[in-house]
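One structure is given below, encoded as structure tokens.
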Amino acid sequence: MQGIESILYGIGIAGVAAQAAAGVLDAGRKPFDLFGIVVVALAASLGGGSLRDVLLDRTVFWIADQSYLISAMMAGLATFVLVRRVRLPARLFLLPDAIGLALFTVSGTQAALAMGAPWLVASLMGVVTGVFGGIVRDVLCNEVPLVFNGELYATASWLGALLLLGLMAYGASPGWAALAGGTTTLLLRLCAIRFRWRLPVFRARA
Amino acid sequence: MQGIESILYGIGIAGVAAQAAAGVLDAGRKPFDLFGIVVVALAASLGGGSLRDVLLDRTVFWIADQSYLISAMMAGLATFVLVRRVRLPARLFLLPDAIGLALFTVSGTQAALAMGAPWLVASLMGVVTGVFGGIVRDVLCNEVPLVFNGELYATASWLGALLLLGLMAYGASPGWAALAGGTTTLLLRLCAIRFRWRLPVFRARA
Amino acid sequence: MQGIESILYGIGIAGVAAQAAAGVLDAGRKPFDLFGIVVVALAASLGGGSLRDVLLDRTVFWIADQSYLISAMMAGLATFVLVRRVRLPARLFLLPDAIGLALFTVSGTQAALAMGAPWLVASLMGVVTGVFGGIVRDVLCNEVPLVFNGELYATASWLGALLLLGLMAYGASPGWAALAGGTTTLLLRLCAIRFRWRLPVFRARA
């Protein structure tokens, strides 16, 4: 279907832009120079998909098609200009980050399926694509990754990916499955931010 | 030989399980949620072999064969359940970690040899396979990598890999060479833990 | 042209040696054992090119040709011996690091061009090749990457890569373009160190 492919393409471009904006908003709280901010934006927005493509031995998506690179740079620079003029709330980057998480989860899961990966690998590829960029962003900003400390983040990604795979196993079209999975991930993440849903944190009795 | 291949396959599955258990025991000392613990367990157990396969341009082993992924998840979850019920000594994770180091050193060296890599590269691939998962685990847990601070760790891996390669150069069968190399790595590492063998730490006069 | 290829080959070997020396001089300020120092030297000198080759899906350069690995090890060990005998100024590692940055920027950009990458990707590959090894070195040494805090570092690399690409677009031979681009990167970096040229550091009003 050509329709579904152009939708997924648009989803990918939008996800890259959202994660680049989130990267700039996060890096902007550190004393970085303009280059450092661009690097964090690129790493945050392209890191997850790059790892997915390297693991699946596909051509890395932003090398095959420069549009993603340009989208990330434009979104990063636009956010940079905006953020210097307007006083923004500290946690604003959480919103584009959540959107990027949902979009990348969907595109990562479907890219792995298209390579013939089994369902468990495909769902993990969705999580990797959604989460890894944010981990790299936090490591470069010298923060503990947001993902690990009880935030309902990667879990939201995984549940969305599993729903997508389950719907397709029951015969849903890729488009509807992507819509349902992505919406689930986004809503779970937004509820987690809004209502402070957290996973129980566990510490061994050592 | 079909015999040696099934032995190496079993070695790989056991090594993945051992490193996943070590990852959970290490991550369990941090306030991580269940997902964070699963991620650390997967990164610790699959990271070294993934880097090896990406560098050698092989299909990543746990994408080609889901058994590794399932083995890592089962071992991680079993350790997680165990660790919540029983009070475990703080350094317990060192034992499965040492076993995983020995198993991965052997499988990494032989995988590189099978790709036709020269001996120096093959021995380093053994070290990468054995050590990189643990480095990722420690970086994700925000600790200085265990490897660098005078622990006889990667050195034990390298000596085992070099012995394996030396024995094969003198005509030993892959099975015996693997046994001798892996046992050497394991014994060196266990002695290093038990008798506090350490490499001299060096600091430049700056 | 066989002449230009052997020049680029020599540039690559020299760049690896320079970055390995810089890695040892940097790691030598931490209490690392000999193995840790070798790892940091190898990661610093081979990391950038490895990431470039994995992203471009080329055979990793130091696996295809062991000379790079041997060059990195020899340069690292020679620096290690030297540094134990002579009292060296703390910031000495900045000089080989700058040379390595210039050499890697050139070789990374031209490797990407040879794969048919478009110019924006090619210039970023030059930056990745030049900068990523140093980022890995700093992360392994548990320091904030030198690159991000206003140092004119990656920017020097990018300007050199863009000059190289611009000259080639206007018909310059690869050799002259490489010479001009590499010299630009080196001079910018040396001036930045000598005259404390820095990029403006930016912090969002959050």
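Letters A, B and C mark the chains in the order given here, with residues in each chain numbered from 1 onward.
Convention: a contact is a pair of C-beta atoms (placed from the backbone, for glycine too) under 8 Å apart; a residue touches a chain by one contact, two chains touch by 3 or more.
Labels paired with UniProt names: A, B, C = Glycine transporter domain-containing protein.
Note that the structure is predicted; figures quoted are calculated from it, not measured.
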Overlaying subunit A on subunit B by their Cα positions calls for a rotation, in degrees to the nearest 5, of 120
Homomeric contact subunit B-subunit C: same or different residue positions, threshold half: different
Averaged over CA atoms, how far is the centre of subunit B from the centre of subunit C? Could you give it in whole Å? 30
Note: subunit A residues in touch with at least two other chains are 54, 57, 139
Residue ranges of subunit C in contact with subunit A within the complex: 54-57, 117-118, 120-121, 124, 139, 144-145, 147-151, 153-155, 158, 198-206
Contact residues on subunit B for subunit A in the complex? 25, 28-37, 39-40, 42, 50, 54, 57, 59-60, 62-63, 66, 69-70, 80, 83-84, 87-90, 139-140, 142
